[in-house]
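Presented sequentially are two complexes of subunit A, the first with subunit B as partner and the second with subunit C.
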Partner chain A sequence: MKIERVERIKKTTAVHLAMEAKEALKKITEDFPDNPDTMGYFYSLLHKFYIQGEMPNDCSEVIGTMCIQVPEELIYASGARPVRICSGSYVYDQTGAEFMHAKSCSLVKATLGMLNIKNMPFKDSLSAIVVATTCDQKKKAASMLEDIGYKTYVLEMPSIKDSEEARVYWQSSVKNFAAALEDMSGNRITKKGLSEAVMKANRARAEFRRFNNLRKGAHNLIYGKDAFVVANGYFFDKIEHWTDALAKLNAELEQREAKGVCVANKHAPRILFTGSPAIFPNLKLPLLIEQSGGVIVADEMCSSSRLLYDPISFDEGNLYDMIPAVADRYLKPCTCPCFVKNDDRKRKLKEMAKEFGVDGVVYQAFSGCNPYEMEHKAIAKMLETEGVPMLYIETDYSPEDTGQLSTRVEAFMESIKNRKRSKLQRGIS
Partner chain B sequence: MRKIRELVYSADINRFRLYSQVVAFGLLMYGGYLAIDLGANLPTFACAFVGDGRGGTCYLYPLQHQLNMPLAQFIGGRGVAFLTGLITFVLFFMLFNKAWCGFACPLGTIQDWTTKLRSRLGIRYSAYSERTFHGLIKIKYVLLVLLILLSLGMSNAVPGIGKLSEDFMTPYCMICPGRTVLPLFNGDIKQLVVDFSSKTKLTLTALGMAVTGTFFVGAFAKKRFFCLFCPMSALQYIFSKAGLLRLIKDGSKCTKCGNCSRVCDMGIREIADDVVSKNILQDDCMMCFKCVAACPEEKCLDVRFLGLPVFSSTEQGFFKRMEGKVKDEN
Partner chain C sequence: MSVKYFAGIDIGSTAIKIVLIDEAGNIVAHQTSPTGSQFHKNTLDSFHALLERTGTNKNNVAYITATGYGRKLFKEADEFVSEITANAAGARIIGKDCGTVRTIINIGGQDSKAIMLDDDGHVRNFAMNDKCAAGTGRFLEMTARNLGVKVDELGDLHLNAKGVPLTINSTCTVFAESEIISLLASGHEREEIIAGVQYSIAKRIVRLAKRIGIEDMVFFDGGPAMNKGLVAAMEDELLRNVIVPEIPQITTAIGAALIAKEAFLAEGGKVHA
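On to the complex of A and B.
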């Protein structure tokens, strides 16, 4: 009886997820003109993963990762493939709500909801889940996952990143993780394997930086929703394939730049998106921004730029230097709000606003996500002194608030357009 | 022009430095045979004990001799000689700033070779904790003050002690690993002795031998081990703000990723953590520019000579160098 019920829930959620994903993908592809041809690869990635429920490219062993502080290079070097399991699905948010308290954030609820139903495309090859001790909800999720029956590895992370002690603690924590990966996979992490993994990941980051650089120009070559789709594909795609596909997209964008093709006129408000991550299918807020005439030119989020920006550099090609180098990359430049002091995030946003010629910032905070909610005042204050307007939006995965949000977003876009116009007129007179 | 700049910024600075070190080593150790003499006021360890083969002389040697005179004589001919020496030293130094350490110093070069050997053998390096580091960096100033006071003490009576014995002649050289190690490259092993002729000499030369041993062991365990204690480095740092070659940091571009600090042979943390200072040159920096090569942020770290760009961190350069590095390793 019980098994039957579980099977039924599995089936219905699969159908609902496919519907939810289909609708989101349709909005992304059909509501906007001028999608780059090479975006096709990334659209089909999402289609395959979320609608057909299949993994792109076969893989024998998957290690699920929660949070961007889990070092991918070590997982690659141990012969497995890291898959970021954070979910953006409202359907899973609802299944998670059945056993989690109401104030949990949508992301954690959805992720646990998904893992509880065990319907993911990679369910058969998933050997373990790694949870970094970032925010409270992720921490508590770790023991809940164990209760569900997953092999869970808790990656200990300090909540301060600037001190020497934190760095030493983190480096030894990552070293332990490497040893645990060797035990789990039965493969040794070698100097050759790790340096190749570093290179593989660095190549992806180099390509992502090229992509971001193309978005810096005054011509709006591509919409932000596509950038989020690209980054989302990185969660589960084979990294080499992903890098190649992004290289093709970059080449197409370079052609667009040469030809002067753009997706929105140059007076369109240029938006920097930050805060709680926008993970497919929940691109509700980004889509609203771009439907209201804005263009997201940059983001500071753990589902996109924060995930893909920083490369690794090591000095000596031996494990004793490479593993700490990998560790440093995942702690020192990280701007996750779970850290006690996070001036780096402020500095990063300030620099990004300048570099990308941003007209306004949209700050998304999921209800229940304390770190982002608490940090928003400080960010707003910093941006105010910089003269950059910010829109703070508290939301979740449910589509209910779409109408209300769209009014606020439209008003924000209008105010930016007015600002731009009056600035332009002042410039002329 | 842009193409050339791109090429330079993507260059493998470590390889360039290796070549430069080899050339400088040859010049300073064997230049004398080609009648090259860069003078006696060089801001680097071109050791005076190397003999006629050397292409110049370390300033610490004449400095200690010049300081060995009665204070009254500093106003006079000998004082002028002292000043000329100091000014020549400062001018030489200003030209390349601390890059003398990273690109020319023979003792530094030997330590780098030792490091290469260790790395090839796959043996882990050691590093100081932040607190130990900040404690140790003061030692070189103590050595510098001792070097000056002991030299002065031979010609000027100290109340209660009197004049120091002439056995204290060039006290720092007596314990410097340059004196014992560098002549070896000219086949001269005479300096590898303990002098029993007097108590002072016995102490100094025995200490010198101990330092020599520590020099090799230390350099094998810790990158650029000796440089942290080098009184030449202390003397240089006094003038380094006036250097023509500069290391500039644009803190707004820094992500604090720590790449620069981790590749730093000296273990300087401020290069990563300080996002305020523009002139980022630190006390123990040897201007090897490994930090610039390891920085992935466009123009975050910048090397300038008289304000003109020489070398700079770039995204493109960073990724190219890392590709090369991984290829070399495999």
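On to the complex of A and C.
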């Protein structure tokens, strides 16, 4: 293609992306009163990244990751910054349509579309992309990225996570990855470097757990859309800055709790959101839920709570122990539906529904996202026995089904409210 | 003190349905008119016409609940409620004489739904068609247009079909249209084509309903439920009889009116009854 034409495509797409992001950000900030002041950091983070097209905070080398299974501590220890490159943009979903058939997953298409246009704020520092062998579409995307011209590292993952063989296989896979990172960066991964990386990642996760704990109370201190914004910021922000900003937000939420400030009344349906990841700007469904009077109090998604949950622990501070400890953190607690057996996800959702006092679950599956589509019935069945209603929504990044979705979401919220009212009346009589 | 009335307004993609109930919950009047392109104006006009026709003073309408696709545009309403909740509330009351309604199948102008009710008559689960308009009223309109008949003739023509209904394979409205044209071109009777189309709609909706489970009694409403051929096809596909209300189009508006009354009472309003 002629250079001039490529430049024009880049320019037009940047405009479209900025428009899309601006609209989403406007809904997030303006449609809701009482946004915490300290959310300002995260709103401006998204504004800078998506609308102005700038990378927040300095960074020299970026390793793009297409999955939360990629151990970010190793990337930090090799001197680079991991950036989660899964895209939530409908604009890129459309430009990525040339790589995959129309029925494939929006997320993978959008990520390919974005990487093909090469207009990301971190494009000049991106040295390699790491793709884990999770779903078929991501596997195939890995080879397409190579064809586009990216240095692509494929991180091999087992399809079963509970066998000893799988553990050994995964540990060697992570070791190989560590060695590859050293080759790519020319830096050694040292004991000191890795323990510092583990510490900063653990600190970030501890802060996110504190944040989630604050969402457990009956007070509804913050909307779920803000939780997604916070988690999305983690994708590309400098981790120390992000953690500090979240600590400030947590402090503000604690003050709100003490003062009794809440964003929604105590009868608002409390929703647990699960399924295909919610990534900005595609917060279509979470926003519909909260515009219909619900509050997303928890999520079980690889774009937020699953990404930022478990810490790494190791006893002996030597590299031989540390790398397997890092590997274990990434395999065992993972509740991704790409594994053959996934009872952990059911258990996790059941626990979360109880802990967070959830009234209903909304399950988002992107059309073409086979693992999540296929697991929804088993999850629905489990939740039914627990007496928790579930709304299953199959959608994609396009906004054209918003009208129909809003009817469904509103009806679900109304049915939860009626159920709560009946329960209350039975309690009285 | 004057008598109070409660209004349910269902602004659908094809028709605006308005129902007025009194304090005892009896239907006082109802009206159906085409939606057109000016949702808000047409709804307001229709509402005023209904009031005038029945000699009702606007001030006596104590509470208005709007539902349906265009509900948010009708700012005069006191409350909005989704058509799923309103449909459930209406079907629960209308179907009461025949027993307890457990499943509702509704075909609208641009969507179709299956709703499952719990013991209290509240929505327990529901399924809805996705983006496309296959298996909805639009599909019937397209069929009628291609065959040069009126939508309200489809039912009788279906029942007059002499042979076995023809198979329509496409569920997409656009593809089905070309399939119908090629069936006509190869000399098939329009009655058999209509029966085939209606079976294909029934099959599609029953498949949708199976996702949430079908339990007796099944209540079938929405404009297309006036079509007797479609009702017959639905009963065949469901392997059971369905209850079709006297005026299938207004169930959701009735539900909205009942919700209006409840909301009025919940907000501290008083009625004589």
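What we mean here is this: the second predicted complex is superposed on the first by the 427 of 429 C-alpha atoms of A that agree within 3 Å, B and C clash if a C-alpha of one lies under 4 Å from a C-alpha of the other, contacts with A are read in each partner's own complex, and residues count from 1 in each chain.
Rule of thumb we're sticking to: a residue touches a chain if its C-beta (ideal position, glycine included) is under 8 Å from a C-beta of that chain, and two chains touch if they have at least 3 such contacts.
Only a predicted model underlies this, so the values are computations on that prediction, with no experimental measurement involved.
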Putting subunit B and subunit C on the same copy of subunit A, do they fit or clash? fit
Which angle, to the nearest 10 degrees, do you get at the Cα centre of subunit A between the Cα centres of subunit B and subunit C? 120
Check the residue A:S195 against both partner chains and state whether it touches subunit B (first), subunit C (second), both, or neither. first
Using the superposition on chain A described above, determine whether A:M374 touches subunit B (first), subunit C (second), both, or neither. neither
Who does A:V340 touch here: subunit B (first), subunit C (second), both, or neither? neither
Tell me the contact category for A:S422 with respect to subunit B and subunit C: first, second, both or neither. second
Once the shared chain is lined up, is A:K348 touching subunit B (first), subunit C (second), both, or neither of them? first
Tell me which of subunit B and subunit C touches more residues of subunit A. B
Once both structures are aligned on chain A, how many angstrom separate the closest C-alpha atoms of subunit B and subunit C? 27
In the complex with subunit A, residue positions of subunit C that touch it: 69, 81-85, 111, 118, 120, 122-126, 128, 130-131
In their shared complex, subunit A is touched by residues of subunit B numbered 119, 122, 124-125, 129-131, 252-259, 262-263, 269, 272-273, 275, 290, 294, 296, 315, 318-319, 322-323, 325-326, 328-330
Touching residues on subunit A, where the partner in the complex is subunit B: 162, 164, 167-168, 191-192, 195-196, 198-199, 202-203, 206, 209, 309-318, 320-321, 324-325, 328-329, 332-333, 344, 347-348, 350-351
Would you pull the subunit A residues touching subunit C in the complex into a rising list? 389, 394, 400-401, 403-404, 407-408, 410-411, 414-415, 418-419, 422
